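One structure coming up, written as structure tokens, with questions to follow.
Naming follows writing order (A, B, C and D), and every chain is counted from residue 1.
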Amino acid sequence: MATVGKSEWNFCSDNVAPVAPEILAAMAEANQGNVASYGEDPWTVSLTEALRRLFEKPDLIAFPVATGTAANALAVSTMVPPYGGVICTEDAHINTDECGAPEFFSGGAKLLAVPAPDSRLTPAQITARVEQARDHGVHVVQPHAVSITQSTEWGAVYGLEQLRAIGETAARHKLGLHMDGARFANALVHLGCTPAEMTWKAGITALSFGATKNGAMAAEAVVFFNPTQARGFAERRKRAAHLWSKQRFMSAQILAYLKDDLWLRNARHANAVAQIFARGLSAVPGVRLLQEVQANEVFAVLPEGVVAALEAEGFGFYRWQADTAPGEAAIRLVSSYVSKPEAAEALVSAAARFGNR
Amino acid sequence: MATVGKSEWNFCSDNVAPVAPEILAAMAEANQGNVASYGEDPWTVSLTEALRRLFEKPDLIAFPVATGTAANALAVSTMVPPYGGVICTEDAHINTDECGAPEFFSGGAKLLAVPAPDSRLTPAQITARVEQARDHGVHVVQPHAVSITQSTEWGAVYGLEQLRAIGETAARHKLGLHMDGARFANALVHLGCTPAEMTWKAGITALSFGATKNGAMAAEAVVFFNPTQARGFAERRKRAAHLWSKQRFMSAQILAYLKDDLWLRNARHANAVAQIFARGLSAVPGVRLLQEVQANEVFAVLPEGVVAALEAEGFGFYRWQADTAPGEAAIRLVSSYVSKPEAAEALVSAAARFGNR
Amino acid sequence: MATVGKSEWNFCSDNVAPVAPEILAAMAEANQGNVASYGEDPWTVSLTEALRRLFEKPDLIAFPVATGTAANALAVSTMVPPYGGVICTEDAHINTDECGAPEFFSGGAKLLAVPAPDSRLTPAQITARVEQARDHGVHVVQPHAVSITQSTEWGAVYGLEQLRAIGETAARHKLGLHMDGARFANALVHLGCTPAEMTWKAGITALSFGATKNGAMAAEAVVFFNPTQARGFAERRKRAAHLWSKQRFMSAQILAYLKDDLWLRNARHANAVAQIFARGLSAVPGVRLLQEVQANEVFAVLPEGVVAALEAEGFGFYRWQADTAPGEAAIRLVSSYVSKPEAAEALVSAAARFGNR
Amino acid sequence: MATVGKSEWNFCSDNVAPVAPEILAAMAEANQGNVASYGEDPWTVSLTEALRRLFEKPDLIAFPVATGTAANALAVSTMVPPYGGVICTEDAHINTDECGAPEFFSGGAKLLAVPAPDSRLTPAQITARVEQARDHGVHVVQPHAVSITQSTEWGAVYGLEQLRAIGETAARHKLGLHMDGARFANALVHLGCTPAEMTWKAGITALSFGATKNGAMAAEAVVFFNPTQARGFAERRKRAAHLWSKQRFMSAQILAYLKDDLWLRNARHANAVAQIFARGLSAVPGVRLLQEVQANEVFAVLPEGVVAALEAEGFGFYRWQADTAPGEAAIRLVSSYVSKPEAAEALVSAAARFGNR
């Protein structure tokens, strides 16, 4: 569980961060007079336009919701019948951290989870799962969609080639392809490509476009690149109680998030701080990284004594389940748009110091 | 459908209103540093304490959520098994305006709706429904709970006597008793009683305590007066994606809402504006009120020409389904904490003027 | 509740009857050797062919299931998304007697029930419900299908004109049209038309074709007249556990039911016995029929003393909820393919005798 | 997929078998006159008494249903809230062969599947899964029950020691313990213990007591050893459409199944035929068993050419997914109560003959 010490030393998650000032200001600015409720407001209209420009897709349809779990579960439920399945990795957030939300929203669809060391799925795994099921007709839950996370739950980033290969595989098997983009921006700035390239041009059909972890208060957007595939989403959002009456305050967050590339600046900052951890911890004797650091999450194995000393010192992070030798402990460090480089350096120095005792 | 004109003349609903400045300020104040996510923050802890004091019930349990539909559907799903039923009125918000959310959250429970002119349920109706079902064993959906709305969907307010009689009836039949308090404050200031008197002292077991319609941005609290009856709620909220990672911003809203009686002042204001409509429109020849006005909703029947003229003039309100004579139209006017008395008077004057043409 | 006396005097329901000897013999005949399970057997293949001939529809798709509730709930769940609604009458079996099965199978769809004296729905009621919902967008559950019962729960039979009018109305509003044919045969022999005329030629898109109440052990068939509308049904049946491994014994029942018009003979017999009740009871002073008797159900109002005496004598029937004067009681009598005319006459005579006391 | 040849050579599954003559005769005997429907008949009453004697548990509650999937899914849905999880093995029938029925019936509960070579779960696996989840609160689906299969999907039989250890573990973690006994009799005669020893005395709280695979037509019984844990089952069965109106014909099957130890004789026969396969195939060069044969299922690896030749010869069995070397193929052979020893010997001889070519 989390150890939480000084606020600046809190690396438990990027969602411990406050709201970016630009976004809070935009919400205050939206607080003018009476306006039509339930998404009939001008901010929500502008948001669709902004996302269409951003993704270079003039007919996409987008639905803002307040949480990443809502975005994922609503997207998946629109893509898969209740008797169908979704191929994902065992460590996928939808499989491990949403208390069964995809199963709930979809009316009982099954997550067909496959093991993947850094939570990156491969085309071969998808095909194997499909063929295994196709042989058994109605007895077995048939895959109807694939869900991948970008960047993944282990901080890895799918390259464009990998995404395209998955996209082709999904299309060949007539599967929808969902991207959980809770850390979309962190992956995007790592790849240096366009949002279109990382999504529909690679075959993604539905995207959970995250903003909360990267500076918003409570705002994500579900984006369908093919509007016919959004059928029923509006109804599902309403009956899941995820349509706000004062929806303008959700849309205003995402508009401000996109404005003047705030989202990209925030993500670059978070990724850069993660690199301080990556470089710094690698250099500490007895410490090793579990994964190459590509986005804003760092997974490291340290001597148990060092981890305990860091906790006692007041640094905040989660211990993580991983294969470690006796006397070792794995931890996860997550940097955010407000993480101070000095705080990351302080943790690295402390780890080195404790390791030398 | 709604006609929306000038912002100040918009009486479509109390949810067209902006956020109360005190509440927005509290959200900005909560925007300090990294804090534990998912409700482990100090604001959320304080909120429970505040509600315990407010309701004079030191062991109640409360869960903030963003929307009234979430509050209602989550509460109901905790009170009723999927094979059970909830007695409510035909016009209950849960029955008509939530796109089937209670059915969804509960896994298919049935709303057992009975007709009620002003959407106030009677003990006799509850007993009749229970007895009718008890006779038919497993073939019929058995009632497990009752849900009432205070103030009701037709702007009526249950008196304390009525509430207590319902409470006793529900208890006698071993039914949970839920109150949809989307407009709780408006009812409370009308009755001039304490929150405890209007809820658990009358037999209410679970409450959707609304704040959004009365000044918050997106915040309600589900309150269980008997903590053992909250079993499973936390899990249900999470899997319904209604637990925010940055939950502090939801809790901060309700804390500010309660502080210095902001919520009561707001409700008194809204109710007072509704009385301007009630008194003013009653005096216009050819106009009649459909219901006594007790809270902040006004239902009136006007000559069709007057309604059309008001719409053309730019007043915002909904036409409402009701029994009217040919040449008449029913409308609903809802006042909120920001409604200007002058705007209400302007509408009344316009109605009188148009009626005289 | 039911009073059950001598077996022959049991008119509680047509499902108290045993299995027709011809059907039991066919099951025994199917009990030969090992055959492919889960519906890959020859009987199931033959059944589809038999139904295609019967309904004059060479591309229909049919799925046998064991119970009428399974047939109805699976059909409805295939026709309506979880966020949709089904227009039916308040007294429809799916609304009152299936413990919420349609809601369960559909994942929470809502039954939009309208009052109808003899449980016959009208085109105007359908249109009114649709228009009422269309105005309110995502807030209201939108109708996606209509379900009617033939013969109805009050023993009435829709005429072909009525069916066609409903069919046209449903098609105009793009609604699926389901017929609960638990007593399909009783209606068919009353009308004297073809199965095709009473179904797809009138606009029915899915049929629960009942056999259990008319002589089978546990067998109904869900028939989709347009095979594309059956999408997902096979999977839904399997996951609802309604695909038998030894499916041959279900299919064999329906094959025997259809062979040599057994089903029509059985239904004619049951209807004829109902006419004995109808004619006989009408002639008893102080007794009146609540409905014209068109199929095999009789609803009558008798003096309370007569009802009690009949019960004491050992006749079996249900008391029924209906508007009666003080001192009166309503009852339902159902005849089946094994009901003896002498037994019906005995009940009529007894009623007359008790009435004269 | 299955290759089906001559009826006697069909070893695809034990559910390809016909109905035992004793059972069919009992159904015919039950076909007398009108009797109360929906389980109010004498056969159903007798069945509960018979099961209470059989299991030496005078207060158990039992519910007959038509299919094993219904028994499992209904049992599980009664044991686990929709937001909970069920620990089982990856190859458990509920996880792989029921098209998501447990998820459907439970309203979205999650199967927490762990790998197990012969599909026998261990106490350590249960504890590990529980501890892993307990750490993560509402974010992770919490285990509420364990489900094991006896005999397992790989033909293994849990010993009494193993069962008791699992029972203690489940009780310690406050988990319900379900046994999928689709092949209960085959396991029981292998162990030579009493039904009580193999169930509640070892800690089993709910049992799917199978009969269909061992001679019945369509009949299983869900048994709750602690009646308070059956709460809601009757309602769930009805709304899942698994309560027959002519329920006597389901209960009569199980009564006949138990009478004069028919079920034990049938199971002994099936197990004995499986031993013919086990001994015979082990002796064929190039053939190996994948599992020790303890019940009536045999898993063997043969040269691909031999498998193809057996198929061509007309033997019926499934090819099975297993780790095999190139040129090899795995198959499953299932014997039933009607399997002829000569037919099993014929297959063994043919395999030897083909292997020698």
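Going forward, a contact is a pair of C-beta atoms (placed from the backbone, for glycine too) under 8 Å apart; a residue touches a chain by one contact, two chains touch by 3 or more.
Composition by chain, UniProt nomenclature: A, B, C, D = L-threonine aldolase.
Note that this is a predicted model, so its numbers are computed, not measured.
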Relative to chain B, chain with the most remote C-alpha centre: D
Of A-D and A-B, whichever chain pair has more C-beta contact pairs: A-B
Where chain A and chain B are represented by their mean Cα positions, the distance between them in whole Å: 35
Length of the line joining the C-alpha centres of chain A and chain C, rounded to whole Å: 51
Centre-to-centre distance between chain D and chain A (centres being mean Cα positions), rounded to whole Å: 41
In chain D, residues with contacts to at least two other chains: 82-83, 98-100, 104, 107-108, 138-139, 235, 238-239, 243
Complex interface listing, chain A residues touching chain C: 38, 81-84, 107-108, 138-139, 142, 232, 234-239, 243
Residues of chain C that touch chain B when the two form their complex: 1, 82-83, 85, 96-100, 103-104, 106-111, 132, 135-136, 138-141, 321
Chain C partner contacts - residues on chain D that touch it in the complex: 2, 4, 7-8, 10, 12-13, 15-19, 24, 27-28, 31-37, 65-70, 73-74, 98-101, 104-105, 212-213, 217-218, 235, 238-246, 249-250, 316, 336, 338
